[in-house]
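See the structures that follow.
Shared chain: chain A. Partners: chain B in the first complex, chain C in the second.
Up next is the complex of A and B:
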């Protein structure tokens, strides 16, 4: 067994203990407020059998995918522009940082007035959530491209676009990778926040809403675990996809060979 | 130390030729049987030269303007370099030798005077000039063969891989085509950088302290490698910036000694000895003594200024 799988096992200790304590506690003191995990599992299976869970999943994932697509592509584009142009950076970066200081959920009333209570508001909110992390990281990534690499591009007579494609972009890729993974997380948070605004919207948060209204804590617990697991899976998938895609870049070696001189 | 200076000058008189661009009478003395080198002139006289020089610098000056004021990096540089020549620009740090190289490379555009390549003013980098920097600047996300082929994106894949293979063999890195820069030692990385600069088939190779970051033993070995590569690429003109006196003497046809603040040509030394040069014979040491003597004079001069 290699070191990686051992450390993965070590990471499992705390959750397993938590579930064990939960099971132990509820086997003696089960109450409405704190039902046993078994009831949550049963409730989840019930949701699946009645095809309700699949419906919730499809709706939420559609919103999430749309919001992410819009937010990350705009964020990447804006980050690339700001990272490549000193003038644009001076004009717009301070404003963007100011904009970013408004907690995202603070926009919700305004969004509802402008975009209504439907999916448009939700998608916009998810897009806003995923916009900033990738913007900030992409910008930082392009900023740190060593001047010496760009000079190399000049020596070989590369055009501005070629320098971007062949030097800046690959050099910024480790930062862009971090940005996308953070955007994924923020977008997921914003999905839940936007869904909790309106009841019976057809998304995953309906599990929480229904559970709360009917005082079925096992549904609330199940909803929380499902949201957490999905977020975890997205994060893991993104990390895996990136590590396959960026094998060429070896982001881990990037700084070392940079400094080796 | 004025006496040491004149003594070493005497010793070298029969071995090499000393050209002092600031002293017209000195420049006219030449060893019999040797073609007179094109003498750097203040006025334009291209037609009067025996053969058009590959690279020609005339009244070249470069001033950096900053908030703290002006810094004259180069003042009134006059130098003609023949095709196929190996020239070293030797000097202590701050003498403008790297600035001079960057002007020839086309990376510094804001200069006064003239820098001509084949008679044409240098205004930007071009594929007729290859550059090797002190840091190898291999791109860490590319393999060695991709790095070497970096300047060849406009030709077919097949042609490119042939050229890359040839140049990897030339610098002795055939077995490392698929390696990453981070897996190479300093000397190997610098060889890959040389291969990359040569792959575009430049007429002039510009080396900016290419061996400066290497350990002493690797350095000696790489000097021999550089000479071998220069021999194989017949007709290649090389301009190398260095602060290593031995390296300059070992590799160069002429050593251009620069003095700092402002950067000026202090002396141009012809080195006529047969190649490969021995590092410990009388000629080598004689020339070395002259160059070190010049450095010492510079040092004394600076001290006088300070006091």
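Up next is the complex of A and C:
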């Protein structure tokens, strides 16, 4: 067993202990506020059996996918525009940075008035959440493309589109990768915000809402675990897809330079 | 001077255009007044709110909650982050557990806080503290871990006591990261308080927005939104200034 897997095992001790203490404590002093984990598991299984969980999942994932699709494509588009034009950058970037400091949840009352209590408001909010991280990172990615690369493209007589596709885009990809992963994470956070702030909407956050209203802590716990787990899975998937895909060359170079340094 | 004009006037012109568009949309009644009210009316609403003292009351409540929650969350984050950053052993044993909890979207903690602590102040403050905790924790532990070993060795050579080497070497080296974490956290704290007040409160700027919405007072909703945004922008700028002031050797590259 190597040192790495030993320290991974050591890291598992605290969570296992935590659950063990929780189980041990609740087997003697079960209370309304501190139900046993078994109850949360049973509640989750119950939700699954009654097909409620599948419904919640489908609804939330649909909102998330729509919001992400809109937000990331707009963010990528705006980021590449700002990254390739100094003029647009001058006019819009400071405003966008300022705009980003407005807390997104502050939009919710306005969105409810403009887009209603339905899914449109939620999708817009998720789109706004995923818009900024990818915008900022895409812009930064295009900005750091060395001028000399583009000049070389010029020498080879590449058109503007070809320079974008063959030079700027690959060079900016590591930044875009970071941007998409951040967008995915923040979009998921905004999904939860949008669902909690407009009630009884058939999404995953209903588990939390019902738990809170009926004082059923096991549902609240289950909801937190489910939302956390899904967020983790999306993050992991995004990281993995990017690393097996287009960026293999970069991570190889990265390791080499790390070893050299 | 010409450069200055570019930096200030170019973005400003966009802002003025947006304001003009807003004005014209209302002037020609493109949208009914239930959806959009003119800028002048919103401005008058803000002035009225100020004169009646409502603005100060609601803002006061929101800021008080932020101050408490932020104070608790940041102190906890700095303490835990410094511990994890300075001890490899602590990090291997407890780092993964903290990572586990980090996966939960912050807003999911709000209902739990309400069940555990009630709908009053305590649950709001706790929720804000939770929202502030992670950015500070992660940045502090990175910052402390990043203190160069050779600097500590120099300290040893000079015979610094552990207390002095902490104050003179670790704190200044880790400070930029800690401040960066605090800056991320203040934005999250402001977002958390607004959302907590939207979910259920009888005071605060978030409550004011919900209340205005329920009465169909669009001027109040927009005024609240602008105030929420202004505070967000102002706190971010304030922290930027704080960073420049405390860390004159690091200039922010805008």
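Before moving on, here are some points about what is shown:
To be clear about the criterion, the second predicted complex is superposed on the first by the 233 of 261 C-alpha atoms of A that agree within 3 Å, B and C clash if a C-alpha of one lies under 4 Å from a C-alpha of the other, contacts with A are read in each partner's own complex, and residues count from 1 in each chain.
We take it that a residue touches a chain if its C-beta (ideal position, glycine included) is under 8 Å from a C-beta of that chain, and two chains touch if they have at least 3 such contacts.
Because the structure is predicted, anything quoted here is derived from the model rather than measured.
When both complexes are overlaid on chain A, the residue A:157 reaches chain B alone and has no touch with chain C. The larger set of touched chain A residues comes from C, when the choice is between chain B and chain C. Look at A:171: by the touch rule set out above, it reaches chain B but stays clear of chain C. Residue contacts after overlaying the shared chain place A:33 against chain C, while chain B stays out of touching range. Legend: residue contacts after superposition of the two complexes on their common chain; A:12 is shown touching chain C, with no touch to chain B. In the superposition on chain A, A:149 makes contact with chain B only, while chain C stays out of contact range.
Of the two partner chains, chain C is the only one touched by A:113; chain B is not. Looking at the shared chain after the overlay, A:196 reaches chain C, while chain B stays out of its contact range.
Of the two partner chains placed by the overlay, only chain C lies in contact with A:98; chain B stays clear of it. Contacts from chain A toward chain C in the complex involve residues 7-8, 10-15, 18, 33, 90-95, 98, 101-110, 112-114, 188-189, 191-193, 196-197, 205, 208-209, 211-212, 215, 217, 220-221, 223-224, 227-229, 231-232, 235. Every residue of chain B that touches chain A in the complex is listed here, in rising order: 105-107, 124-127, 129-131, 133-142, 150-151, 153, 180-182, 186, 189, 200, 213. Note for the complex: chain C touches chain A at residues 6-7, 10-11, 13-15, 34-35, 92-97, 100-101, 103-112, 114-116, 187, 190-191, 194-195, 198-199, 206, 209-210, 212-213, 218, 221-222, 224-225, 228-229, 232-233, 235-236. The touching residues of chain A, when paired with chain B in their complex, are 148-149, 151-152, 154-157, 162, 166-167, 170-171, 173, 248-250, 253-254, 256-258, 260-261.
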